[in-house]
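Report on one structure; see the data block that follows.
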Amino acid sequence: MCGIVGIIGAGDVSIPIYYALYALQHRGQESAGITTFDGKTLFKHKGPGLVAEVFDEDILHELKGFSGLGHVRYPTTGEKIAENIQPFTFRFMGRFCAIAHNGNLTNTEKLREEFEKRGQIFSTTTDTEVIGNVIADELRKSGRMEDAVLACMKRLEGSYSVVFLSEDKVYAFRDPLGIRPLCIGKTKDGYIVCSESVAVDALNGTLIRDVRPGELVCISKKGLESVQIAESSGHAHCVFEYIYFARADSVIDGRLVYDVRRKIGQALYLEAPVKADLVSPVPDSGIAHATGYSESSGIPYREGLIKNRYMGRTFIMPTQEDRENAVRIKLNPVKGHIKDKSIVIVDDSIVRGTTSKRIINILKDAGAEEVHMRVGSPPIKAPCYLGVDMPTREELIASGKSNEEVKEGIDATSLHHVSVESLIDAIGMPADDLCLGCLTGVYPLWIKGEKACPRYTDFIKGSYQTNIKEFDE
Amino acid sequence: MCGIVGIIGAGDVSIPIYYALYALQHRGQESAGITTFDGKTLFKHKGPGLVAEVFDEDILHELKGFSGLGHVRYPTTGEKIAENIQPFTFRFMGRFCAIAHNGNLTNTEKLREEFEKRGQIFSTTTDTEVIGNVIADELRKSGRMEDAVLACMKRLEGSYSVVFLSEDKVYAFRDPLGIRPLCIGKTKDGYIVCSESVAVDALNGTLIRDVRPGELVCISKKGLESVQIAESSGHAHCVFEYIYFARADSVIDGRLVYDVRRKIGQALYLEAPVKADLVSPVPDSGIAHATGYSESSGIPYREGLIKNRYMGRTFIMPTQEDRENAVRIKLNPVKGHIKDKSIVIVDDSIVRGTTSKRIINILKDAGAEEVHMRVGSPPIKAPCYLGVDMPTREELIASGKSNEEVKEGIDATSLHHVSVESLIDAIGMPADDLCLGCLTGVYPLWIKGEKACPRYTDFIKGSYQTNIKEFDE
Amino acid sequence: MCGIVGIIGAGDVSIPIYYALYALQHRGQESAGITTFDGKTLFKHKGPGLVAEVFDEDILHELKGFSGLGHVRYPTTGEKIAENIQPFTFRFMGRFCAIAHNGNLTNTEKLREEFEKRGQIFSTTTDTEVIGNVIADELRKSGRMEDAVLACMKRLEGSYSVVFLSEDKVYAFRDPLGIRPLCIGKTKDGYIVCSESVAVDALNGTLIRDVRPGELVCISKKGLESVQIAESSGHAHCVFEYIYFARADSVIDGRLVYDVRRKIGQALYLEAPVKADLVSPVPDSGIAHATGYSESSGIPYREGLIKNRYMGRTFIMPTQEDRENAVRIKLNPVKGHIKDKSIVIVDDSIVRGTTSKRIINILKDAGAEEVHMRVGSPPIKAPCYLGVDMPTREELIASGKSNEEVKEGIDATSLHHVSVESLIDAIGMPADDLCLGCLTGVYPLWIKGEKACPRYTDFIKGSYQTNIKEFDE
Amino acid sequence: MCGIVGIIGAGDVSIPIYYALYALQHRGQESAGITTFDGKTLFKHKGPGLVAEVFDEDILHELKGFSGLGHVRYPTTGEKIAENIQPFTFRFMGRFCAIAHNGNLTNTEKLREEFEKRGQIFSTTTDTEVIGNVIADELRKSGRMEDAVLACMKRLEGSYSVVFLSEDKVYAFRDPLGIRPLCIGKTKDGYIVCSESVAVDALNGTLIRDVRPGELVCISKKGLESVQIAESSGHAHCVFEYIYFARADSVIDGRLVYDVRRKIGQALYLEAPVKADLVSPVPDSGIAHATGYSESSGIPYREGLIKNRYMGRTFIMPTQEDRENAVRIKLNPVKGHIKDKSIVIVDDSIVRGTTSKRIINILKDAGAEEVHMRVGSPPIKAPCYLGVDMPTREELIASGKSNEEVKEGIDATSLHHVSVESLIDAIGMPADDLCLGCLTGVYPLWIKGEKACPRYTDFIKGSYQTNIKEFDE
């Protein structure tokens, strides 16, 4: 996953971009980069690590210019090498360009081969360089950015929210299914396009709206322009943004994420009520869900585990027992809350199950009588090919296992995942506008070796078919 | 304020000390240091910054030895220079020694002069070097550590929780009033003495008990030994450890800090009830108090402000308006929760009032109709001379102001501080065993220019007197 | 200027490349990079600074593989940005490639435009990326490296010594005029191609020979292969490599550089004899020349200036006088040698004249009676377009000035530059095989706005013509 | 060995101290430190590494004040720990003090015990802290610095050149035998005291004179004051300063070091003439000696080995052969000068013999027919207890071996060390004013287990006696 931002301002935009990236830090901690343009020169600085580690005040003051892009990266494709850190910058026809991307193309290799056949080389292993090439290739033919992006969208497959700087203009576009989020904000003296509305908030700006699936937006000193490039009968917004990935205080496609999670928490009690002394979140991912659970159940909200707010490294300790204990420096059970108590513990999701098991055992070691696990997502049964880093089916604890089996696997007293229907209700969007691929194993677009069905309502009616494209190739 | 730790183990103790310091990081972020002894050589490493910045695995592996001390520092006395970073190490009579200290002596200058009169020089400006000298001076006379510490306690005035390494033994002692916390834990293969029980938890150890006021404890390969060195009719445990300083999951003098704060939160509603749509903590300091308020009031607990979990720097922005906005990158209002709502916001304390005012205005800007401020401590009216870094009376917003005046000053709809009586009840300790100096302006020991009264019950009866000692000197 | 190296070995080549780059450090101090290939993966590490600053043992151990390239850079073209640090790496047709380059193309812009017309983007501003594209473009057509390099040489104009890694093979080629040096050595278990023979020495290898102008060499596990790709009637070896740039202990095109410089020093006395008490070099650049001068004159060799061997920074001092003095921390006059003495001071060249003037004044301040300046190059009258960083004509002190005027300008008692004829004699190569562009203002190939004449013998006969190509364009 | 400096100026002295330390860098590369005083506060910064690594412009600008000390350290006593980095700073009687020291006390342990007996602790393991304590102890008694230093000199044994800052005054004193150098210079707006005159040169100052053995000098805004504190019938200036340690461009006790070395080089030819094709120094230590040898012999001076001027690290290579070769990255033979030639190679001294052997073999491998080794010091037969880091007798190649045996040991064609008499002549000082301990094994003061004889002329007459003091103790 990644976080992207593009800003046009009246003065230098490097500090606003820094603040926006800092607000989007949860979307990627591996590397960060900023590119700006001051009317003449393209400035850039990128590096591995957190935004606050990569940049300092001196560096930001050297990044001059009223237009710019920023990126934080959690790797989906491409090796962990310096060249892969975004924004990717290039010169084309004498113009300075930069591009930053969130998502995952599913036809990268095919596109790369097309270019290589005509003698082109690639200096990174990212999707982003491929998108840059496609845009340049199309620009050369048409000369107009709208036509180039339209042609580009026809060639790209997969998920892509893109910000693109061409000197004093910042373009932004989102794939026709709207898989990854992208929104537009008005700042005091310009515009921002960014992955989540919290970046708009960080600049004290006003959220205008989301970039529409298939829309091309351009911000410049002249203002905001928009063209609807591609239309799709339905969308495929990623449900995992709501469940886990986005910040609780973000508003995505009109919905406050905290609210979605709180409603999921309420549904969790209604679907599987239990008597208990307290409801505690797994910090920080389960907090919003847990407040909802406390509200609908009336069971007091009280932290059973305290997270250490400082960043520390865990070192290799000699024995397995020592290593297990090392988890405690990050997550400490509040024994006085737990001993001889019946506890509902709420988390956003279970992936491999190892963390859940460890937490439950920490609580039991601290004297908990019962530990009821409640989970803010339906069981995850299949991998994601569209930008969320997920393990293989073999590693997913819920893939091919019953609820009872998973419960045993994580040592919980009882276990309940929210239902797909309650999830859809909490999001409050038509089921056919959501991507539920990781929950159903059926995807909204063709992926080699997987089943596809663009509409969930068709899927539950059984009217999807095996992906036959792979046999053709 | 500082955090201290001493460990005796079967193998190398540097990684356990690192984990313990990491658990105590909230007690000091300016610098960190570790000293160990391997039977022959004293190893040490110290530096400015967080524990995870000062140490890495290579450094920890070079710190060999089965006995050791650690320290995290928030400066109370002594300039910010490299030599002042603790533990302070020295050689005496061919023995390697190290010392780490939490607290604040009130007679440092007098002691320093005594030593200088006999030709002694000081290489740091810390209390710690003075304590080291006093111990060495007394050891030379008596030859026995118990006698030396006893004599030392007679010479030291103020607050001091000390860990002292003399090669393969770690001594720990606490001033007779027990002002700063200090506790003992059993680990798998040894012992730990540390400022708070969370450091014991970090090693999966078992909390044995607090070091008693006036007690000298010695841990070594032989086990745990203890001597009661000094007795005091009453104690003076710092109430600010419970209100704000200690971690919520620590147990101090038998009380779970989270529980004390939750009870304060309950009292806040009972003392000053209000109708509201939600109760929100100021993250993270007000969380425990807010859960208590939600329980006693029945008003739903819901976060009105989300704290950015990553560490970022705030850069100088051109205008005042920009600078104000920069706060938002740390603390973002959840507009969807706030707009047109009546909110109870709970924080642990108000010092200067600037942060409270800023938060209330952020909430109002986000559309809050009413913002009721509830505070987990009584009004702070006087400075602390015993280890907590507090501003002068002039800077304390509550010093010499009425509740109404403070309310106006921070723009709150209503304001209530918990009463001293409810605070004492929540702690659950006799009033005469607490230091309430910053709340009453009357201190449990003589401080030049201030009023003193060792017992709160005498104070409220009016039977204290002006400190006349200063006229004698 | 830059230094390049390519190595094929039996084991990991990163440490040998490090040593070779360290031996070539004088060719570029701005940045350094190493790329290696282990049969499966391409490893790389690059950064700003000296070789010893960019690499440490841990980094070198991560750069696995038996084939690899290295580069040290002194910028000629391309901005000072991270992407421009060489080797430049790319993927093409599924193969990992890397390229490093020393020299300066004179038709970069034209080539870049050609590629852009077919929709290609460039991610760096270096010649090296352009050469990489040309090779890839030609490889696509021909499939054979020899044909691709042949075609590439036809398209490139200017100076280029190139090492090119295509997985387990390292190719090396040199422009048809042989402007920049490039040589081949045999190591214990493989081969090395590098800018200067000192890099072969650093690995205790044996210098085989120079890469011939227009030759393509390939080293691999199979051994050394060579194809003469392009022939040229005459060559244009850069005389500045002999005068200043190369290390004295290098052997270039069969000549020991130290010997060339010593012979220049001898000629300096014979051309302009003077009586003096001692002959001193300007350290370190004039040492070899000064030993020659001492030999032919019989005047004792004795250092009049001592250079501080440590690297230090010069800080801004408040007054101009203070700033002037700051030079002395780098270069200290040995007063005991200088006072009341007549001194011959020998340097390799004079560019702007400011350093010479400063040195002469330091010597005079230290009491020198006479300071006779002798210079190891003819007067520099024109800029270099082929890889040596030189200032504009306006900044060159000897451009358009008489010997008398320059002498006055630098405050010397007398001044003599070696003659072009003695320089050619000292190098011992036909004049028509040398590039003397910066000394004559007439270049061996077409450069926009300059005069060109491929053969020096024609030039001195007057049979050159104004470059008319520029009017055609 | 160490380098020390003290400066009084009109403005801030941190940059002048930096430049002075940079000029003295050859005296110590392990660590560096600067302390300044601005009339109110003592500023300091210290760290491991070279001067240019420890300081940058920002740090220097924070070190405010018109008085200050500097130190570079090559460890003689004391472990390699942060606290041991000098200047050592302390507070005494409300005054800020700092001290820096070059030399080696021979009664440190005895002094330390005296202090510990009265209950004093030591926070470093350096002589410097002991000297600081002795001065403070005596100051307390007398109140006058002159009396304190006089009393201090009576208690200290061994070698000590000391600079001592007491707020706005800088004191400097040198042991009564004048073992280590120390000199005084006048700068534009103040004074400097420093180990060698090159530090005066670096500030464009004027060397006034050496601090006399047994003299106490004080520099302040009032000017320069001096008291002769102690007198000694003879002195014991270290000959190794002239042979190797000091910079060639320094003037010590009135002698230009370069001149002494050149005269030694002349004597080397006269004492042991040889026919050869060239004379080459071992760079950089043998350069001055080699120029003298070339002058007296008429054999041309030409470098047979070129030293890499950049700093590089040598990494562990897999085989012994590889490791041997790694020397070549630092020192490359100029084959063109060496092949089939007879070479005189001149170095300043031979300690263990391993480097000499390696260099001779490099020259032979490069084709040298004969390698005649000439050495600028007499054979080193005994260790130094007075500040020069030397190995034990067992490790000294010349200890107990004949010239023939050493020659064989280092593979030289012939070998000659300069005689003690020629060395004394070259220095031009009475033999009885020199310390020749490492050459004779007889020392100018009592050292436990060694023979002592204060005057060389008595020693060669045989009138010294075995040190019997050790049997008394």
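Remarks
Every chain is named by a letter (A, B, C and D) in the order it is written, and numbering of its residues begins at 1.
As a convention for this text, a contact is a pair of C-beta atoms (placed from the backbone, for glycine too) under 8 Å apart; a residue touches a chain by one contact, two chains touch by 3 or more.
Chain identities (UniProt): A, B, C, D = Amidophosphoribosyltransferase.
Quick caveat, the model's predicted, so the values are computed rather than measured.
The chains that touch subunit C as well as subunit D do not exist here; no chain meets both. Comparing mean CA positions across the assembly, the chain most remote from subunit C is B. Centre to centre, using the average C-alpha position, subunit A and subunit D are separated by 63 Å. Centre-to-centre spacing of subunit B and subunit D amounts to 50 Å, using the average Cα coordinate of each chain.
Taken pair by pair, the chains that touch are A-B, A-C, B-D, C-D. Note for the complex: subunit A touches subunit C at residues 44, 46, 81-83, 88-93, 97, 116-125, 129, 132-133, 136-141. Note for the complex: subunit A touches subunit B at residues 11, 15, 18-19, 22-23, 25-26, 29, 50-52, 56-57, 60, 188, 198, 201-204, 247-249, 251, 256, 258-259, 262, 284, 287-288, 291, 294-295, 300-303, 306, 308-313, 315-318, 321, 325-326, 328-329, 332-337.
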